[in-house]
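I've put the structures underneath this note.
Below, subunit A partners subunit B and then partners subunit C, in two separate complexes.
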Partner chain A sequence: MGSISEKYCIVGVGETPHMRPSGRTTLSMACEAVKKAMDDAGLKPRDIDGMTSYQFSDSCSSDSVAAALGIRLNYSHEILGGGTSTEALVGKAIGLIEAGYCKVMVIFRSMNGRSGVRMGGQAPEGPAPPVQARGYDQFAMHWGATSPAQYFAPLAMRYLRDSGATTEAFAEVAVAHRYHASLNPKAWFRTPLTIEEHQRSRWIVKPFRLLDCCLETDVAAAIIVTSRERAYDLRQPPVFIMGGLARSNLQTPGNRLFAMAGVSPKDVDLVSAYDAFTWTALLLLEYYGFCGKHEAPDFVKGGRLQIDRDLPANLSGGHLSEGYTHGVAMVIENVRQLRHRADDACPGWAEGKHSYDRKRGCRQVRNARIAVSMGEGGVPGAQLGSPADATSEMYTSALLLRGIWS
Partner chain B sequence: MSAGSVKTRPVPKATLTTKPFWDAVNQGRLLLQYDVGAGCYQFWPRSTGAKSGSPNLQWREASGKGKLYSFTVTHVAVEGFEDRAPYVIGLVELDEGVRIVANLAGVTPDEVRIGMALRVTFENMPDGSKYYAFEPDR
Partner chain C sequence: MSTETRRDFEIESARRAGKDRPSSRIDYSKLVIVPDPDTAEWWAGTHEHKYLVRQCAECGHKWFPPLPACSNCTSMKLDWFETRGTGIIYGYAVVTQPILAAFTAAVPYIIGLIDLDDCLDIRGVPVRVKGIVLNTEEEVGIGLPVRAVFESTDDPNIVVPHWTVSGDRPGCWRFAEK
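Moving on, here comes the complex of A and B:
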């Protein structure tokens, strides 16, 4: 990112509860999340002039949210996208603010991901399944490959063979994220898991078991991006954007990301890795250089992704245990951690007062200074490509953030 | 492997570029695009060669033989496929050097191994159409 590294900040975050089902419209949920992010930052409707969101034609538009909240926009735009979108839209926000299109940008995702359009299958109230398979899908859907689990699973199966790992490596991810969810009052699943419980859960799409798959929920979540100058005037400690990637290929993304800020994986205090499935989170640790190729199973062994250990991951519980937000919650959690204001069981969390006692429900990482979130997507193309390692054809987005306390 | 419920099983929607491929499949033939400039095959069908950038592409009949690159066994099926579970979706690496997604036939999920030799076969659907699958090449 060079000269504009740390010139922009995330200043506000907000989300609805995770619901199954919400019984609400995506517009109603989006308004709640955006309003909460504005309140978090101390911004009024007149202060917001940009808004953008991502969706799969399953949600409301920025201009409808703006109209409902009394916001007049100088920029509004929706994109199609999934798990690589939050970080990518932060990159767009920076470019648009830098170019003068707007000054304060809201990014949101609102979806009835459980009761409406489900990524992993159809809900009764959702739209009918497609009769015709288009695009990439014409070479996959007829054979029953229609859900993200089925796109990722063959790549995960090949990974297990090439690395020599077993699905106990997947269990480590599920157990770590669930442990963090147990410290998060907002998380849907809060009962800690064991490796054995993971191994006993039923097959969904081999090699993924039930506890390898994320938890579809109805939810909306929002973040707000603006310039550093503006950020210093707002309610929360600013969180600086050191660097980012937007729907990049997976050829050494970590090298490019960390070079933007002159840091290395060793400087990172916590991560969020896209956990649509346990394996995707595992793989990202390798591609971003936290460990070498095929080394993640050893790297995560024995609870090393848990808080107070080597590399705390997905501190909110992630998509596996907190609920599926299509990536926004990964950024929201990292922002709260870097503010030292994780919204946990500590009575003084909003003022940054934490006990650091995990038994009393504190999930704030000690001295959190630098965090990275890593999104992932683009699998159908990877299945049909021809390179030796199909996973290298996937896409990723990322956000490298620094807190003011460093 | 049963044909499944054809009512909801998605039907490939051919484009101008992919129509020759699907027409051939319906006649029980597997065609691949050969990128003349780069001297290699490509899949899925495109309007230009991914390696050469040239539109000089030839349709050539594939050997239909290959190895299993990877696979998944679907236990919880999506709508339209419930009566087929558990079923195998394979990523097949053809001898021509491209990967293709298809079901595996004539093999139980427990017998499937990465690297196993496969050959193309065609399944007849109740509506008279044909779709490719792969079976063990013993």
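Moving on, here comes the complex of A and C:
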């Protein structure tokens, strides 16, 4: 990112509860998330002049949220996108602020992901008008791939063969994220999990079991980006954006992220890895160089992704256990951790006072200084890279973030 | 050495009985495939039991699905290459929970990634296609050879290619977890 590394900050975060079902409109949920992010930052509607969101034509627009909250925008824009969008839109916000289009940008995602438009379309028991397969879907649906789990599973199977791993590697991810969810009062699933319980859960699409798949919820989440100068006037300790990637193919080199800021994976204190499935989190650890190709199963073995261990991952519980936000939570939790204000059971969390006693429900990582948020998505059917590798159809976005404490 | 599988036997029996209609048990009345100008000729090919891939008329590069330009040279002068419809399983998955209503009766089914064995792209890499493998979980494995079979649907314009294991290969990899 060169000269603008750390020139921009994330200053506000907020989200609705995870609901099943919400009984609300995506507009109502988006307003709540944006309002909470503004309150968190200490910003008023008059301070916001940019807003952007991502969706699959399943949500409300920025200008409708702005109208409802009395915000006057200089910039608003929606994009189509999934799990690579949050980090990519932060990159876009930096560019737009740098270019003078606006000064304070809100990024949100609002979805009735459980009760409204679900990933992969209708449930079998629901009303079933004929589904039309157009575009890429012509070459996915006709062979029975109709959901993200079904797109990814054959590649995950190949990964198991090539790495020599078993699904216990997947279980390590599920168990670590669930442990962190047990320390998060906002998480949907809070009962700790064992490897054996993961292995006993029912198959969805082999090699994925139920506990390999994320938890679809109704939720909206928002973050606010502005310049370093503006950040110092605001309520929270700023979180600096050291570097980022936006929708890069997984066959491009991931170490560019660290090169932008002159640090290495060894400098990172915690991560969030997009866990639509347990396996996608493993792939991201390899891509960004926390371990080598096909080494993630060994890297995560024995609880090494758990808090107080080698590389704490998805401290909120992630999409697997806190609830599915389509990626925003990958950034929100890291921001809270880097402020040293994880909203856990510690009475003084809002002032940064933590017990670090996990048995008393503290989930703040000690001395958290640098975090990486890693998004992931795919374009099933478009074979753009070498088919000799499972990652040729997958994309990632990322943010390298630093707290003010280091 | 015979390489016939139970599925081959079923298909051959069906063919001799005059009903060469391998069935995926997908309800195609609930899944409407809508060809477009980029893909209509490909679907027409399946009618004649041809498995086509795109080939660049200028540089010879091959690819699938039929995206409308050559990723090697950007040419938009395109031909079709008729493959033998044979390949090797690169990866697979076993769907046990249906998502769309069209697939309710089809589970469990195998989705496969197939490397075509007579069809290299310009870099010498096999072109990879995808499809349902009409075999049981015990019969499939990474590395096994497969061939295309064609299922007619209720829509007279749509014939859908699937795959069936066509032989054995020592050392093929199977998912062993229960």
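Here are some notes:
The criterion applied here is as follows: the second predicted complex is superposed on the first by the 385 of 406 C-alpha atoms of A that agree within 3 Å, B and C clash if a C-alpha of one lies under 4 Å from a C-alpha of the other, contacts with A are read in each partner's own complex, and residues count from 1 in each chain.
As a working rule, contacts are C-beta pairs under 8 Å (C-beta built on N, C-alpha and C of every residue); 3 or more make two chains touch, one makes a residue touch a chain.
Since the model is a prediction, treat every value here as computed from it, not as a measurement.
In the superposed three-chain model, the partner touching more residues of subunit A is C, compared with the other of subunit B and subunit C.
Judged by the touch definition given at the top, the superposed model places A:203 against both subunit B and subunit C. Of the two partner chains placed by the overlay, subunit B and subunit C both lie in contact with A:153.
Of the two partner chains placed by the overlay, neither subunit B nor subunit C lies in contact with A:356.
When the shared chain is aligned, subunit B and subunit C each come close enough to touch A:142.
In the superposition on chain A, A:167 makes contact with subunit C only, not with subunit B. In the overlay built on the shared chain, the residue A:132 is in contact with subunit B and with subunit C. Once the two complexes are overlaid on chain A, the subunit A residues touched by subunit B in the first and by subunit C in the second are 120-122, 130-134, 136, 138-147, 150, 153-155, 157-158, 161, 202-207, 383-384, 386, 390.
Across the complex, subunit B is touched by residues 120-122, 129-134, 136-147, 150, 153-155, 157-158, 161, 202-207, 383-386, 390 of subunit A.
Residues of subunit A that touch subunit C in their complex: 120-124, 126, 128, 130-136, 138-147, 150, 153-158, 160-161, 166-167, 202-208, 381-384, 386-388, 390.
Subunit B meets subunit A in the complex at residues 4, 8-14, 18, 22, 42-44, 69-81, 84, 86-87, 89-91, 97-103, 109, 114, 131, 133.
For subunit C in complex with subunit A, the residues that touch the partner chain are 24, 26, 29-36, 39, 63-65, 67, 71, 90-104, 106, 109, 111-113, 115, 123, 125-128, 130-132, 137, 142, 160, 162, 173, 175, 177.
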